[in-house]
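Handing you this structure, nothing more for now.
Per-chain residue numbering starts at 1, and chain names A, B, C and D are given in the order in which the chains are listed.
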Amino acid sequence: MERSYRLIISCPDQVGIVAAVSDFIAAHRGWITEAHHYTDPSSQWFFMRYVVRASSLPFGLEQLQALFTPIAERFGMQWRVGDTGVKKRVVLMASKQEHCLSDLLYRWRSGELDCDIPCVLSNHDDLRSYVEWHGLRYCHIAVDPDDKAPHFAAVEQAITEASADVVVLARYMQILPAAICAQYPARIINIHHSFLPSFVGAKPYHQASERGVKLIGATCHYVTADLDAGPIIEQDVVRVGHHNSVEDMVRLGKDVEKMVLARGLRYHLEDRVLVHGNKTIVFG
Amino acid sequence: MERSYRLIISCPDQVGIVAAVSDFIAAHRGWITEAHHYTDPSSQWFFMRYVVRASSLPFGLEQLQALFTPIAERFGMQWRVGDTGVKKRVVLMASKQEHCLSDLLYRWRSGELDCDIPCVLSNHDDLRSYVEWHGLRYCHIAVDPDDKAPHFAAVEQAITEASADVVVLARYMQILPAAICAQYPARIINIHHSFLPSFVGAKPYHQASERGVKLIGATCHYVTADLDAGPIIEQDVVRVGHHNSVEDMVRLGKDVEKMVLARGLRYHLEDRVLVHGNKTIVFG
Amino acid sequence: MERSYRLIISCPDQVGIVAAVSDFIAAHRGWITEAHHYTDPSSQWFFMRYVVRASSLPFGLEQLQALFTPIAERFGMQWRVGDTGVKKRVVLMASKQEHCLSDLLYRWRSGELDCDIPCVLSNHDDLRSYVEWHGLRYCHIAVDPDDKAPHFAAVEQAITEASADVVVLARYMQILPAAICAQYPARIINIHHSFLPSFVGAKPYHQASERGVKLIGATCHYVTADLDAGPIIEQDVVRVGHHNSVEDMVRLGKDVEKMVLARGLRYHLEDRVLVHGNKTIVFG
Amino acid sequence: MERSYRLIISCPDQVGIVAAVSDFIAAHRGWITEAHHYTDPSSQWFFMRYVVRASSLPFGLEQLQALFTPIAERFGMQWRVGDTGVKKRVVLMASKQEHCLSDLLYRWRSGELDCDIPCVLSNHDDLRSYVEWHGLRYCHIAVDPDDKAPHFAAVEQAITEASADVVVLARYMQILPAAICAQYPARIINIHHSFLPSFVGAKPYHQASERGVKLIGATCHYVTADLDAGPIIEQDVVRVGHHNSVEDMVRLGKDVEKMVLARGLRYHLEDRVLVHGNKTIVFG
């Protein structure tokens, strides 16, 4: 893949944004390979993602940022430039269930997911051998149900030491403290099961089975302090019927969870997801 | 379509039910064209649907029922025999929105839905001309928001006079009184929008849009006194994205609503839906 | 819906196209509400769709076109401006089957499809009453199987007299002569069933049933002289199983056909479909 | 999972089959936990699958078979009894691509796929380490493009020595000789990509991209001597668009391939797939 810069912008909408940005790129003979704009009609907020071939520009990332800053300031932009030459560092967190972790590791080792994985964190030691086969570091941080604070302190330190750009909760079954969530806004990705209608409380698959639902789903979202209510990145469902046992539903749920998480993470790694308030713009 | 009897059975599971029923049919040289069994593992309840060619039996419906009664009693069966030679009478109820009604009427006039429609009831007069073009009776029963009782009394009377086997709430936007619901258990079918997660309260599509959901759905269910919580017959979803306005979502929601309602009604008309507690067995 | 202009552009890709177009719009204080770009990597062809609020520009359509012409010439653009203030004229053609026609007419009368329908053409008289109930003109042009030329001559004349922008073959079961196809490039829309794998020859649903396919589909495409091989606008599938009879498959096929055709036509009416060679760019 | 017998039957349809079988089971107090029947209307062939708890019968598999034989002979049945206490032996064959193999191995090691894997065969050595991490035997049998006979002879021998019940071609990119196919009727499972329409010849993804298809799919089928034309077990599709490169399509195709193959193999292992002529009955 040729090296590219991804220019990600959001700001209040007004006349001339696209002209200013595209003039800037064109003035430096930048070659745009992907371009997405969107204006949210209710908030009148503007979102933009440009992918520019690095080799088409006469300068590097730092000068690109320096030269673009006046334009960004003129329009009050929140912006960043992603550089495909620098892989994002993804810390994976899991528990005992392997379906999401296994799927992500397959995609990583086959080159589908363009990232580095500095370590896999888990509150159990079960998945060590599998992870280490990949040559990855496995970090087992046990959790004491009666005093979880040391666990989370160690988790936070491990994430920091890994210089994580993204944390993926690949069926990590603990609720992260709000303090950690706040440190990584729109950078912690979770997957959880979803139903129509929703089921509150324990054993949701049992509830769904009792209710005879015909679809079960999964939602990939950014983690915020408000549990499972962060901005949704991706969702999907799978069909079930009365003949499916609770075990079947759990199994089918795993399939949809791993697919949805992999898609969500991919969108994130490709800088396709922009967050505004509690919703996402996903430039497919 | 050749005339058939549909034998619908549910009872506590035990050894010998299928043998007894199939012996009975075979003893009379009955030709079974469809057969479904299912035992719910949690309740140990047994469900069965047999379709038998009427012409293969040496007697008619009444004698079939009389001869089968001892078997039914032996196993404590809840049972009925559907006769494809007698169309079910379906009362359609609508309000101003046409999407579900229009789709059902198309399916009825093209022969897809095997039923009679003695009348269409509505609290508005908007759809009269369209309904009457089909040669169907349109019954406008206005509702006074400050005193809905007369409306519901008239509705109840109209349903009774129509000798309705089934009532379909095809976007009829009023909540039926519990007394009417109780009179037609598992015989009133409703359609409503569904989301992952659910949104409680007014303007659900606005809430879904604010939350940035990626799927919107619809649920077809039997109406019980507990609003929107009756046994689910069918569900489906459609994909949406940030680029879809609330109006788009409403429009796409209509498409999925009409498809799901049509499928649910069809299953019901073909005696494919068995209710047990708050869930359905749908023999596809 | 507020009046908008839709600027549709395709041309060889080069640096500066977006800058030139967006500068032009911004210089006249045009308010862009939707923007899509795409460069096809294999052909290095560039595609663009801008939606601009008409009221934000200080001039009307003609002057917009006049002022834009030099830019278009500079980049060798194929371009057009759609005006939402002028409804496209859609001639619907059907035969005896009603499912697609009925669905499109519902969407038209409910305001979902923003177009005029100058007439419905058919080689049969079956659907007259239904069409005329809508206040639409029904034009029955019989076809003599032994000499189809007069039929097609009359069809061509009717389309011309209707000043059709688009012709929709809503299960019109005749093959249009190449001469008519050539007159309306990327303006005649057809729907046909699709399978995996494809089945060549007569009775495709029977073949699909014999083969035990698990999915049946539909393809909406522009008509070219090469039968059923024109650029694909939209596709979808529905799941079937061994328990589905050929009649079931035909019925389910109708559902997917009408959905896919409605989506395809909507994309076309909203100027979302750009054709390049034998493929489409659909800006969703 | 409690041990069960799966009674799989197909025969010409006639009155009394179900009665005879269910009488037999009931007479021995057999507890039926799943039951499916189906009669194909065109061939008038009857298909049946009963699952009976082994512990509910007063005898073992051999006596079950001996006692059932007279009934089978009376109705001219093709039949077999699957025993969940004896795992099927599945030989996996792969080449260099890992997506299907990796997914199946995950499902096997997590207990989702109830089978033994005596060995993994490949014409390349690339996947050895991954397979051997599972404690499975990896058998590399190189293929000489100019003389494939020795390769296939070795493959055949390896399959025989492994006492394979099933062979899964998990993206094994060689065409099995007809002689091997004939030895394992309805016991060799393949996965291949599928499109609407089909594309014949080389580089189908490139062709699909050139044509602008909106869906790409996969078909899981039994291998017969007629390449890729054997009975279809399962199919599915995934949506693509103009913005998806050929590489994207290949990647998305892998996802649908591995899901469809896993579902197809699972159906097979659970004795849910009955073959009749060139189609399958899949009792879901």
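Keep in mind that, in the parts below, contacts are C-beta pairs under 8 Å (C-beta built on N, C-alpha and C of every residue); 3 or more make two chains touch, one makes a residue touch a chain.
On a predicted model such as this, the values are computed, not experimentally measured, just so you know.
By count of C-beta pairs in contact, C-D exceeds the other of the chain pairs C-D and A-D. Although chain A and chain C carry the same sequence, what matters here is overlap: shared residue numbers make up over half of all numbers found at their interface. Look at the CA centroids: the one farthest from the centroid of chain A belongs to B.
A straight line joining the Cα centres of chain A and chain D is 36 Å long. Look at where the CA atoms of chain C average out and do the same for chain D: the two points lie 41 Å apart. Counting only residues that touch two or more partner chains, chain C has 41, 241, 243, 284. Considering their complex, residues 98-99, 102-103, 106, 110, 112, 129-130, 133, 241, 243, 251, 255, 259, 284 of chain C touch chain B. On chain C, the positions that touch chain D within their shared complex are 38, 40-42, 194-198, 209-215, 217, 219, 231-232, 234-237, 241-243, 245, 277-282, 284.
Only residues 15-16, 18-20, 22-23, 25-27, 29-37, 39, 41, 56 of chain D touch chain B when the two sit together in their complex.
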